[in-house]
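The following blocks contain the structures, represented as structure tokens.
Note that chain A is present in both complexes that follow, paired respectively with chain B and with chain C.
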Partner chain A sequence: MINSNALPESALPKGVRDFLPLKAAKVEYLQQQLQQVMAAWGFRPVITPQLEFFDQLEKGLGGDLHARAFRFDDRQSGRLLAFPPDITPQIARIAATRMRELPLPLRLSYSGKVLRHTEEQAGKNREIFQVGVELIGLGQPEADAEMIAMAIECLQGSGAKDFTLDIGQVEFFRGVMDGLSLSSDLARRVAGAIGRKDSTELRALLDEAGVDEAAREEVLALPRLFGGREVLERAAKLVKNQRSQRALDNLTQVLALLDRHGIAEYVTFDLGELRGLDYHTGITFQGFLPGYGQAVCSGGRYDGLMANYGNPAPATGFTFDLLNLLFALDRALEDQVKPRTDLLVYACEGAVLRAQQLTPRLRAAGFSAARDMLDRSIDEALAYARLMNYRRLLVVPVGEAALRLVNPSSENEDSLTLEELLQRKEL
Partner chain B sequence: MINSNALPESALPKGVRDFLPLKAAKVEYLQQQLQQVMAAWGFRPVITPQLEFFDQLEKGLGGDLHARAFRFDDRQSGRLLAFPPDITPQIARIAATRMRELPLPLRLSYSGKVLRHTEEQAGKNREIFQVGVELIGLGQPEADAEMIAMAIECLQGSGAKDFTLDIGQVEFFRGVMDGLSLSSDLARRVAGAIGRKDSTELRALLDEAGVDEAAREEVLALPRLFGGREVLERAAKLVKNQRSQRALDNLTQVLALLDRHGIAEYVTFDLGELRGLDYHTGITFQGFLPGYGQAVCSGGRYDGLMANYGNPAPATGFTFDLLNLLFALDRALEDQVKPRTDLLVYACEGAVLRAQQLTPRLRAAGFSAARDMLDRSIDEALAYARLMNYRRLLVVPVGEAALRLVNPSSENEDSLTLEELLQRKEL
Partner chain C sequence: MSDWITFALPKGRILEDSMELFAQIGITCPEMSEKSRKLVFENPELKLRFMAVRATDVPTYVEYGCADIGVVGKDTLLEQGKDLYEPVDMKFGYCRLVVAEPKDLQAEDNPLNWSNIRVATKYPNVTERYFAEKGIQVELIKLYGSIELAPLVGLSERIVDLVSTGGTLKANGMVEVDTIAEITSRLIVNRASLKTKHQRIGKIIAALEKVVGDEVRISE
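Coming up: the complex of A and B.
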């Protein structure tokens, strides 16, 4: 089918899209690949609603997402409703309430769309396709390693190559920040400078705050603490505070587990990375593909979230941004994933009845098949079959005459009986 | 996994639900079964957005749905946005604009959620899961028959038995109403009485309107024109107007095609049935399962809708209400669809490393497997495995000792090597 995704989309609000068959087939393919890995690891699907009471939802939303939820008054209840901007708080609510009688751990997966307000003219997606998992009830490093290993297997399963999984640890950062005793405003500016790896501004802010020399050294090192596994050793020599040291121990244990699975090669570290959501409490990670700037997946530990719904439990998880993954892999999927139909069944004059009768038998034999009902010539039907990605045009003549199986691209053709066609495994 | 769907849902707005693993697995199963039939008939997926400009959307919404859309002002554009209450208008928009360069017919499928306001305390779903198809560009009876045959195959594929597909024809009804020359208010009341099959009220209304005897006879027959194929003959004797006669010809042709496929046994007719959406222009149909009052699927011809988006074309389609289908089939699916995991991998003391190393090999061999990371006894792990629907607990002892494969239900067990386990096709 022609790629008409290039046509203008002015009939749609910004930040949402139509997915025509070529793209939609890729979306579905990627979703299936991810779900297959998740099921293989023992995760089971839950489906979350697209309407929630905002007061329930906001218990689990970080500051950023809080402001980005689509909200409105409920005609029925008079309460404030929202369309969820993130699925993790919904899973936390469900696990903490409706599944609280079940023994831990819970391994849950989900696939759905969320909506988020974006800044004007930001050009960002407002509709986000999330496919993810939550592992609830386990605080062990092995659980963190499970999430990272699964994310890597998901990336492999979706056909990605040369990807990296960039690992951070919010506790490491918080340990360093603890030593500074900054006002919350200054802390935010310091965090911003670290996130941008802007050492000049960082120095100016530390001067302004008048932090002591030891703490200063730790903070100034943060923007440079990224790279391979040697980062963990460098960091260990730098930090003196216990909170950061515990975070490093945790990272070292997880790395050892990834080594054991032979997947540590995909991993990089960034201890100055603060991209995690507000609810994260330990290891965080984001997956990147070469040549694509935005993360295709992100995850991490959130040990405080379940308590917000009345049932404290450690938890970790990750989510794929399916559209980012699609855009990063779009070309690589081009030949692999195409919406195709095996047969277009064309009736010659007088052969409509025969064509109608044999079409269901083709489907029963495992072929996908559509009837060409328009009153047109074989050449017109062939042109249609070519444009619409049918594998073959099946020309059905009157009586008992042999069927003609025409390849719309090459126009090569076979002549065969219905029985011969039904026996075929390949066209 | 325990069915906790019975727990209270007071944390959620009315008309939406959480789907825990047992139900979610059934939803996904039904969705896959339907999509498989749709692909076999040559239909290709499109994915529609969950935000639209309301002025675009309303071009394709019937009066009922128009009022039931969730609407709000767009912060970005200042225009009125809506969450689509129906996917068909979205497909019509896409087909008429972004796919207008493509040759007809288009065979498109979709799967998504829509949101609809419901009356207070109606207890109806506000979130509706739709899986459907649109066949655009064909006005032939064979296209109507294709929709009905596909809907029947979808019902068979989802495991439904003893279902009926109830067929109407809005043109038949309109032909009869043409002869009455009623005011629009009276016409609506007459249609209501016919829909309720209330002959007494219908007579009173016709008296009030003073319609002539011939027209009166046609209208009074409508509430009784339901049942098997004999309805078409009864109707043919009754109506004199050409519009209704053409509608009957159309029904007769479609029935002949259904006979040809051997599926006419599933079909009933109701010519007084007016449940179609406002945009319908010909044959309409609804699928019902025994013991479940609401339609699980509905569809019909809508030859006027594409023109509303600037590109006139005949069209027909149908949609499954996935949750109605789920509730109607819930019990029948109980044993068939269960979220299960093959193996829970338990490490005896000192065997954690061995357990961690063999788990990925189990997955590579095709088993689904989760690691039991908690520090607990074999009995505790067995109880967990039983409650959470694992097929087997795999007990991993230290060193080279044989693995134990324990059935959590029967507590029967096998002793075997890893190599033996990896060779197994069935547990």
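Coming up: the complex of A and C.
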């Protein structure tokens, strides 16, 4: 029963979490899987700081992230500091300044936590685990295809069976909008309606603006230009303006490359997808798993970003939201990832010295092993081993007597010498 | 299960109107017409599942992906501001979200002079945004029903509520001052579902657009 007079003091602010061993093991597993793929494609990790000057950081923050950074005064410098709400601007700053003498392209990866303000809604994370890459200095379609192919490989590597990588191209939208010359407020509302795929609202806004028939048809098509590769053909028949046509050419080139990688089956297109409209300059993409409402990864091209740090260069990249990926794959990971220790080493009365001597040899042979130091019965030690996910209890008797290897759940046991145990590959 | 399509529909009249419209595009669920207290109905032949839930919970089920598709009033969408696609206006369930006040207050009232007014509503977010855009500071009183009562007993001077025919307002001596939004029921779609099941969902959207009428109608 809740006693409303005595609200318990929360141990943690909303939107951040502790991860206990079972969940933490899954987070680490996913992180390793992603990093493995990134390393295989030649991306080298950089480590970024948890504090930045806000004026530096904000140069590279798009969308609403600007307003969502945790900011405060720095007593040392008198300047405004922030916890990064996104790692990409940090990588851009590093690449444009400290690494500017190095030849392009740069292939960099990162893994870390960022903080973002959220509205006071239950269940929204304020702390986000990001694992991502930036490819700086390449503007070719092959670079866009590389990002998409890598994101797909990351998804496969993390154990996702069924997923979709959804590709957009913000230049297509911009080409269509160029012809309309709307006020900035109306343009924003039109973009909002397209983003929600709300054709009714869109029609009403176009009526309000008095847009001519030809342009109207192009705009009204945007909320429905999603699906398989046939979307590109449908779009090509629809638009006349060069900017949108160039965007379609770019998509077609990237798709051809994905075909060559043999991964086009995972890809869908959505030309009405406008996320990151204010900083993306070309292809954008997001990864979705069925039954999970949010994207697990997102990325795209931002050729304007590096210039904000004084060193213009084309750039593209993507980032995984590790917690979204975890929640989408939680059950699938259940069997794969168990934070289990192989052996709990229990000493019978008088056998403590023997147990202490053989435990390091077990570890040297490749087993994970912890000493049960408490003065308790074998049954108590077994119950503990069962609860704490030890695979076996190793009972060490006095003298030269054989060791007993007990399975805590089935209570089956083997009797064997230390040498026999050390030879074993599998418990 | 991932090739099934799950619908979240609000219990009551909107559910009936929705199923009527869905029937026209071949989406049916015979199990639903049987009298039962079930909350989930299935049509295994067509791989369709339907959940009957509270209207205000529909966006939540769809946002979290427990349902791929939902039908819900635009009022709820405006209030909750969730990250969802809303591709089709179903045109039924028409009503208006309005600001209303007692008739005798209206006689000497000029909205240009409003400041620090008290407003009772089921829609605090929409109401706050509406008045903020007008630069009017309001004290919001969140109620869960019978909003018309508030001015009668002096809880607030004004209310923001849905009206369809206006009968309830009139009966309680209230008049409309302004319309905040015109409301109809919308088809909403989970973001990931639209991408991962684009073939089936794309067809449903295209078919619905063909059968929804041009005229909005009140569902009563």
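In this section, the second predicted complex is superposed on the first by the 414 of 427 C-alpha atoms of A that agree within 3 Å, B and C clash if a C-alpha of one lies under 4 Å from a C-alpha of the other, contacts with A are read in each partner's own complex, and residues count from 1 in each chain.
Rule of thumb we're sticking to: a contact is a pair of C-beta atoms (placed from the backbone, for glycine too) under 8 Å apart; a residue touches a chain by one contact, two chains touch by 3 or more.
What you see is a predicted model, and the numbers here were worked out from it, not measured in a lab.
Asks: Applying the document's definition of touch, where does A:407 land relative to chain B and chain C: first, second, both, or neither?
Replies: After superposition on chain A, A:407 lies in contact with neither partner.
Asks: Is A:200 touching anything from chain B or chain C once the two structures are fitted on A? First, second, both or neither.
Replies: A:200: touches chain C, not chain B.
Asks: Which partner chains sit in contact with A:164 here, chain B, chain C, both or neither? Use first/second/both/neither.
Replies: second
Asks: Could you say whether A:245 touches chain B, chain C, both of them, or neither, answering first, second, both or neither?
Replies: After superposition on chain A, A:245 lies in contact with neither partner.
Asks: Looking at the overlay, does A:42 come into contact with chain B only (first), chain C only (second), both, or neither?
Replies: first
Asks: Return the chain, chain B or chain C, that is in touch with more residues of chain A.
Replies: Partner touching more chain A residues in the overlay: B.
Asks: Taking the superposition as given, does A:11 touch the first partner, chain B, the second, chain C, both, or neither?
Replies: Touch status of A:11: first partner only.
Asks: Of the partners chain B and chain C, which touch A:156 in the superposed model: first, second, both, neither?
Replies: A:156 contacts neither chain B nor chain C.
Asks: Which chain A residues are contacted by chain C in one complex and by chain B in the other?
Replies: On chain A, no residue contacts both chain B in one structure and chain C in the other.
Asks: Flag every residue of chain B that touches chain A in the complex, lowest number first.
Replies: 1-2, 4-5, 7, 9, 11-21, 23-25, 27-28, 39-42, 44-53, 56, 70, 72, 74-77, 79, 81, 83, 90, 93-94, 97-99, 101-105, 107-108, 113, 115, 117-118, 120-121, 126-127, 138, 140, 142-143, 146, 149, 257, 260-261, 339, 341, 344, 353, 356-357, 360, 363, 367-371, 373-374, 383-384, 387-388, 390
Asks: Could you list, by residue number, the parts of chain C that touch chain A in their complex?
Replies: Interface residues on chain C, with respect to chain A: 2, 62-65, 83-89, 186, 189-199, 202, 205-206, 209.
Asks: Where on chain A is chain C touching in the complex?
Replies: 162-164, 166, 196-200, 223-224, 226-228, 268, 270, 286, 288-295
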